[in-house]
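Take a look at the structures listed below.
Here come two complexes built around subunit A, the first alongside subunit B, the second alongside subunit C.
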Partner chain A sequence: MTASTITAPGRADHARDLGAAYARVAHAAARATRAQPAALAHTGIHYLIVAVAISSLWTRAASGHGGTIVGYRADALVWYLAATEVTAIAPPLRLIDRLGADVATGRFELELLRPAPAVWIRVAAELGTAMPRTAVCTALGAGLALGVGGAPASLAALALAGPALLFGVALTVVAQHLLAAASFWLRDSRASWFLYQKLQFTLGGLVLPLEVLPGGMGRVARFTPFAAMSYAPGRLASGHLEPGWLLAQIGWLAVLGLVTARVFAAGERHLGGGEP
Partner chain B sequence: MRTQRRRRAIVAALRGLGAVWRTAWAEALANRRSFVVQMTVMMVNDLVWIFFWQVFFRRVGSVRGWTVDDMMVLYAILALAAGLVLGALANLRWLGPLVANGDLDSALALPVDPLGFLALRQVSPVNVGDLVFGIGLFLWLGHPTPARLALLAVATAASVAVLAGFLALLGSLAFLPGTAGAGELGLSAVIVFSSYPTDLFGGALRLALFAVVPAALVGSLPAELVQHPSPAGLAGLAGGAAAFAGAGWLSFRLGLRRYTSGAAWTAL
Partner chain C sequence: MTASPSLSSSLRRAAGADQTGAAAVIAVADLRRTFSAGRRRNRRTIEAVRGVTFTVEPGERLAFIGPNGAGKSTSIKMLTGLLRPSAGTVRVLGLEPWSERRALSRRIGTLFGQRSLLWGELPARTSLATLGAIHGIDRSGLGRRIDELGELLEATHLFDQAVRTLSLGQRMRCELAAALLHRPQLLFLDEPTIGLDLLAKQRFREVLVRLNTEHGTTVFLTSHDVADVEHVAARAVIVNHGTVIHDSPVAALRRNLLTAKRIEVGLARALTVPEARAALGPDIGPVTPLGSAPGRGEEAPVDGIAIDVDTRRQAIGEVLDRVLQRLAVADVSVADPPLETVIGEIYARPAATPAAGPGPHAGGAP
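After this line comes the complex of A and B, so read on.
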């Protein structure tokens, strides 16, 4: 039976099978990550180094300004940075580089032989890898924020920061796949990795709340997917009860997912010598 | 006679190391376009950090006595030191994996100092971008004068000695079992913490930034020497540089006694 002749119940079965396959891949990747406690500890220590350094800077800056800066109290800034840094450090590092190299060397083409879309298998695997890392970084971040910043300003907002972190990490993984797709045409995605990192750094509010950005830059940044990745969990963790950020994250996940699927489909056709 | 022979041996060894370094640069420059692209990538990366610091200090004025001018000097020195150590002496970063994998055989068979050979054997184009950026940043925002340029040279030399010594020390840990990963974490810690003024940190962490992970000696103290030169600052920095450079060299020499060959003749 060809794809065009699959009936509605058949399509539902197919989707269910694919979903189960992605879940199995993610689960296996998560198990593999958990089986390497030294590597997890490495990620956790790296996270702590970065989080301690950047939160020290902002808390000293806030205490020099009467305890508040750009509307954030010193303790809220620690919660903000503890959350934003999770979205940068928990996802597997240099994912764009690796995927780009696999496309350039032809390894990715072999994955096209599988009966499931190669890009989503990869996304599932990376998400599975990211989950234990996210758990470790989040636990350490919460410990740091409680120890240095104190109790969270709003428990309700903090509760929303949990799913926001997961959505943020998922957005990061999907966005990196999208940018890595450049290697279908350029055969070298290192510049994409670099571009992505800097966009997350500035427009994502990774090390500075968007309110600090000059002029209209901060306002524009709020409407980018980078703000949904990092600023959203940071904003919620710092005590701002703004559930709209979760909707923004889901929306961006849908948009980026759709665009990624389209771009990979075009890239795969390009690899096969067809259009475009 | 003996002194003359020793001098000749030293000159020959230096010539040998010079040839190794020239070869490393020639290899890095073989793909000129890639070299320039990678350098540019790092320079833009550094530029984003400068943007961050400018925005930050525009908002807060100063932090614990540190102004944007101080920060620009700190960043210039850090970029120069990182460019020289991670760019021009790139293998120092990979010393641990080389030791752990038993890949030192070819270096040990050469008539030059193995640590010197390993350090000079590879040039990393991406970090050479730091070097160029550091010079450009100081000339652009560091208020350069002949005296300040001289201070910058001294401060950078000390920062390079500390960073190189620390990396050699970390790499030498690989001679001991169960220390995998210490090198990358140590490098991450020293680079991250040296990017911030040491005055931000207090208590045991501050102490550790001088003695354990010498971030203060790589970033803050050299910057203070350029901004507020003093004999005490110079002496402290020189002492720290000598201590870490010596510790790095000595730990590698001692570690070599424990080295076990991987029985693989690799091209380093």
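After this line comes the complex of A and C, so read on.
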């Protein structure tokens, strides 16, 4: 062994290496999640309690309104809620708090001493963590919807709900990183988590479909990233064949990804003492 | 970023070459860092680093030491590119750390105290493979490299255990493997032995020396533990209040400043301090009771004594021999003076004393 270095790769090689590195990180994080079956079971139970409670509430409300609420039949509402809740519960919880704590304790700084962007390594790790949790919640949600709501209204729409769920979870992870970046400038960024949670609840259609929102609020909400996160998979799972939601999700992923990269770059400069 | 004209020779070194033409691994000239503190009206500027200048040549083992608040962590952050200097010049392996941090990260290894970069739930081998991918090491090379490091650090058997199940000493060996994965030319270690037990500290220090002597890795170490400095470093730079107050080979430091040792003896049979003194001989250093009840005076028998030894007057081995031969010993240990005592000694000495003056590499003195 000698003290030789590993030479810096070219641009194309570097991009390929980075892609492979993110995949490795996500894979390792997924393995770490699978290595804790009790925690995975806890996530599943948490999901079931929330999904059963909210879907019972809405099916009861629908039956009191002639079986339909804002255009959703009771069985479609169960499919809707089973899908939207996955995007809220499967991603690692309180991610914003954790990143804030890591910035405060200096742990995040150490991640800057690697030849890959720290933010995307983190996003890859959180996505890896979210994947087994998404699989568990999706399986439970499908079982619940089939058992309580019956067969899906549209198999084609349901098929699109699968990728929409994955994009929804990815959007949730990226958006949380974006809000967590406040911790570069604020001592206590916990308010960001509170704000994010409330926005996802209302504008994401988590506990109620956007159609229930008063006035133009529902229409406005459809153009926010929160709708692409949670409402989109719910809308597809409830039998609405609207593939445009997948494009909206990809678009929001690109926009949020770009903004997150910029904000983290600024945050890293701020940590290091800013511009000259 | 500017530096004063009087530092021109240091700046030449900072540009990357010393008098022999060989590139310095680290070249720092008139490095400064200030922070603002307080709110608008009471805003004040704190100078954490005030004109630090030194160079590190390839293959050196350097200890960069000082008490809390001396400016070591701020300096190490500037050397690794985490912090932008307020003024001065820094070159590490020919790169400017702040603007070329990612390129530099391919060539340096870092180990910061007990902060872990490994996944607790996974075997260390998986974490190492993941970190290897981040460094762009191909899979086959990575497997070989992990095996090499397992051998070097005597940690092969640890790599297959979940990191959270390892002891701190075992985990630190895995962390060191992570820092060395990409064959760095320069290794930064910030308090790497903190919290380790004596045996783990000793093993860790041995590994660092082997790494340097067998593989040529330059070692830059900060520590509060004087023993780390003595056993790992060949040269010590001491900083206090943001400036370099001492720069010399560790041998000179040992000869001139690390001359006080304290031997703590647990006695199998209780003795009074005068009895212990009489047994050890009149030329022994100051003897004091250990763990005696307050106010009982020297005539009360005690279970332990401490002997302060000035190694310039008396070899530590000779005193230990006497202790073991003449007293009924249950336990014995030798302690170094705390770093604060060494620094107090530096300030107490006249500036012209060789040990207290800056060494051949330094440019910044108080």
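Operating definition for what follows: the second predicted complex is superposed on the first by the 266 of 276 C-alpha atoms of A that agree within 3 Å, B and C clash if a C-alpha of one lies under 4 Å from a C-alpha of the other, contacts with A are read in each partner's own complex, and residues count from 1 in each chain.
By our rule, contacts are C-beta pairs under 8 Å (C-beta built on N, C-alpha and C of every residue); 3 or more make two chains touch, one makes a residue touch a chain.
None of the values given here were measured: they were computed from a predicted structure.
Chemist: Just to be sure I read the superposition right, which of the two partners does A:Val207 touch: subunit B = first, subunit C = second, or both, or neither?
Modeler: first
Chemist: Answer with first, second, both or neither: which of subunit B and subunit C does A:Ile121 touch in the superposed model?
Modeler: In the superposition, A:Ile121 contacts subunit C only.
Chemist: Contacts for A:Glu109 in the overlay, against subunit B (first) and subunit C (second): which applies, first, second, both or neither?
Modeler: A:Glu109 sits against subunit C, while subunit B stays out of touch.
Chemist: Under the stated touch criterion, which partner chain does A:Leu271 make contact with: subunit B (first), subunit C (second), both, or neither?
Modeler: Touch status of A:Leu271: second partner only.
Chemist: Quick check on the superposed pair: does A:Gly215 touch subunit B, subunit C, both, or neither? Answer first, second, both or neither.
Modeler: Neither partner.
Chemist: In the three-chain superposition, say which chain, subunit B or subunit C, touches more residues of subunit A.
Modeler: C
Chemist: Residues of subunit A that sit at the subunit B interface in one complex and at the subunit C interface in the other, please.
Modeler: Overlap of subunit B and subunit C footprints on subunit A: empty.
Chemist: Can you tell me which positions in subunit A touch subunit C when the two form their complex?
Modeler: 1-6, 8-9, 13-14, 17, 20-21, 24-25, 27-29, 31-32, 35-36, 106-107, 109-116, 121, 271-274, 276
Chemist: Under the touch definition given earlier, write down the residues of subunit B that touch subunit A in their complex.
Modeler: Residue positions touching the partner: 37-38, 41, 44-45, 48, 51-52, 55-56, 58-64, 180-181, 184-185, 188-189, 192-193, 195-196, 200-201, 205.
Chemist: Spell out the part of subunit A that touches subunit B in their complex, as residue ranges.
Modeler: 38-39, 42, 45-46, 49-50, 52-53, 56-57, 60-61, 64-65, 69-70, 190-191, 194, 197-198, 201-202, 207-208, 212-214
Chemist: Residues of subunit C touching subunit A in their complex?
Modeler: So the residues of subunit C touching subunit A come out as 1, 33, 77, 80-84, 86, 98, 101-103, 105-108, 110, 112, 115, 117, 119-122, 126-127, 129-131, 133-137, 148, 152, 162, 182-185, 214-217.
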